[in-house]
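Per-chain residue numbering starts at 1, and chain names A, B, C and D are given in the order in which the chains are listed.
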């Protein structure tokens, strides 16, 4: 009998991350990385107070957690699988820990911070 | 004695051998940008938690031309991700049936684009509404 | 110039296990006609130029699944690929990618067949029914839920398309997983739980990274990528539901 | 050489062979079954069957109707007890396939749907879109994997049977991948190797349909029966011969000549109703439709095409939606091979060789005169099709008689003891040496493709839709000559791994023997019946002299010996074979007669 894979855990997070990345990231990147620095958006748009109060409410917390953590899982999963695609097999377990470890940290850190805000 | 000697071709460099594979690898490569961007957001999050000065420094750093360059590239990558994601989503979702007929893939993909446009505009307006 | 005087070049992979260490290419010039298939081109070579060229074919009408080869680097059925699509350029024909070459254009299909046998590719009745009771009722919609996947001709083009299979031959692969899904999705069948064990494995659907080329090259619109990837959802449900449901999960 | 002992060896993994294997496995799970096929079973030519499989299904239909359609369709050359058995068991076999998973097309209420077919009085053809054979074959192949007692020898080429003391003891096979010989010793052997359409030039058959099993049984003294009856299918692709299924017409397609006129009405098949009417016009039987084409061609009413004369198969009025739902593969074939979209343009078609009605002589239990040898499917002449097969009777035949063959062979194998291997192995060794001789001898000068082309052309010239004594004599001479030249064959490939040229050479030998049996059977039948139509003074059916089956006996290097046997008639005396309005009238008269005599 074949062994059950644990992929469903990582794949679900990957899938959720992919959805977030597709439905939100292009606009988010545009806003934070392009529109705001180039002054297309007024500087107040992401002012500290505004964002801080956004991060204090539950919807804001959830949103921020989702856009930070889930894309990281998506990214970690793809990078890890791509190593296999590229034929890089050395240090496979180390890479696994590195990829998914980063994503895990990227989940725990905002989680703790957001709870405390 | 059998003279059979099946020949197995090597796989190295496979991803360059077919345009389809190049597109696939590019799709996978978008995850690098997605990951780095998420880490940048994480940095912003941390700075937000550290207080106003830290946060403003983070905002400041975002205006660095290198940063803007990166974000332009990341935007392109994110859009490519979005296009490819919507294209394959109908293959992952359970098959939808309406009135006994399979909903065609193209209908599902189009619907996703419509939702995405609404979300993009909503997000932009939310931020804009100072 | 009329078709009769035109010619076209075909470069064919040759591998003879009794002589060659690895495959080599040989070029042949054959008469060109716009309605000739690549298969007819190969037959011309075998009949009139070099009788030692080996390849599989039978039906000539894209249904028996024998004649798959790489044509200019794409997996295709040679009987429904036409010289006109390449003329006046050159055509390069190779054995299907990712599969061991037995000789010339003939690949070893045993792995596919073994995998097919492993998935219980037959109905295990959900409810017993005698012949006197007549057929099981199945609405056109119930039929539509699996019919597409039942039209797989076992041509293995999708295996030649799937790099994950090339990298890891243990992967059950698109075609067989499509057939597995065909039975799981059939309203008459009751062996889903058994087959899920294959789906759930690393060698099952989790060997796929949704490259998607398999569905692109499938000559019968089976869409094996959909069969594989929809089963990732099923497998995920199965994975988590077993914690919720006594006696292990079988997702709906 | 390795010897493998089994209870039953089945040569052929098409519809008939697989059905037989399953039947044998179900009859006795303790028996071992070897299923031998020169290609993977799912590549067998059953895969190409498109239209459907007949079985009485609707409430207003009955077994008698199916019986009469078949017997009249076969121009009364059918074994009527066999037909009775067939029509009575067809439906149960179709239901069995359904239980095994065959994706039959359905009605909205979930029941299996049926469609109209040529020569059938009432719609009774079960179909799975227009890929019926494909679905039947894959269903049987995959279901066969359920039975551990079936041991498959995929891509193993059978090069001879082993016969001793009047009993068949197995077969010698070559593993295609390695060239390795194996003697499969069996208590009973079933031949299910399919037809022989490839001996003709333009045909609907796959490259593997080369009459192998027929030739093997024939060489061991089993007569080939009714070999002159070769079916031309009226709607095939010019140039390649690929088939456009009769279901095109069953769904309502028209056949038009160069004036856009439904010419079949001029050949006793009218009236030309706008929608399909069973047993009339386009739904007449295949022999009649192909003959009508021939006459139109003589009259100059056909259309010039790059590959010769054609008529038009017009499906436009069926509409795109119905075409894609009911005839998807036809649309694909027309578009990809001809660049014609059937929804918007008529398809050019012409007749091509499709089916061999004759075959290895077998009784109603599929047993041949040689003990231990059975046959089923297209290679077999169990007596169902007579002088012309009705479309969709063949797929049903595979199942009905495949099953009979499986259980009969199983019974036989239980009743006999296995022969001592020694002498048989010696024979097998001789077979091996002979087969190897083709690639080891040198100095040949004849190119195989040339011989094959000459054979096919000559068969088309002599054994076409219409035949004359002179043309047939020319073909007899040609085939004799080719058999002679065959000994001087030159083979480029002398290796043992995947040497397809070698196997093609063996096949060509089979084909020449089968071709010879066909043309000699034909020239000796001095009448016109079903698919055997003569123009040289024998234009009429002659029940006095020829209501008999032809038997061709192998005669070594000489021409076959031809003799005849009676036809078994149970309830249908030979009558007028008419279709369209005339057919309805004839049937009414027959009924009146029967009522009067009751």
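Definition applied: a contact is a pair of C-beta atoms (placed from the backbone, for glycine too) under 8 Å apart; a residue touches a chain by one contact, two chains touch by 3 or more.
Because the structure is a prediction, the values reported are computed rather than measured.
If you compare A-C with B-C, the chain pair joined by more contacting C-beta pairs is B-C. Comparing per-chain C-alpha centres with the mean over every protein C-alpha atom, the closest match is chain C. Computed centre separation for the pair subunit A/subunit D is 64 angstrom, with centres defined by C-alpha atoms. If each chain is reduced to the centroid of its CA atoms, subunit A and subunit C end up 37 Å from each other. If you average the Cα atoms of subunit C and of subunit D, the two centres end up 28 Å apart. For subunit D, residues touching at least two other chains, in rising order: 177, 495-497.
Residues of subunit B in contact with two or more other chains: 3-4, 11, 15, 28, 92.
Residues of subunit C found to touch two or more other chains are 17-18, 102, 108, 139-140, 163, 167, 209, 232.
According to the touch criterion at the top of this document, the contacting chain pairs are A-B, A-C, B-C, B-D, C-D. Residues 177-180, 495-497 of subunit D are the ones touching subunit B in the complex. Every residue of subunit A that touches subunit C in the complex is listed here, in rising order: 1-9, 11-12, 81, 84-85, 87. Looking at the complex, you find that subunit B touches subunit A at residues 11-12, 15, 25, 28-29, 31-32, 34-35, 37-42, 44-46, 48-49, 52, 55-56, 59, 62-63, 67-68, 70-72, 74-75, 78-79, 81-82, 85-86, 92, 112, 115-116, 119-120, 123-124, 127-128, 130.
Chain contact summary for the complex, subunit C toward subunit B: residues 15, 17-18, 22-23, 73-74, 97-98, 100-102, 108, 139-141, 144-145, 161, 163, 166-167, 209-213, 215-216, 223, 225-226, 229-230, 232-233. Residues of subunit D that touch subunit C in their complex: 39-40, 42-45, 47-48, 92, 95-96, 98-101, 103-112, 131, 134-135, 138, 142-143, 145-146, 154, 177, 206-208, 239-240, 242-243, 306, 329, 332-333, 336-338, 447-449, 491-493, 495-501.
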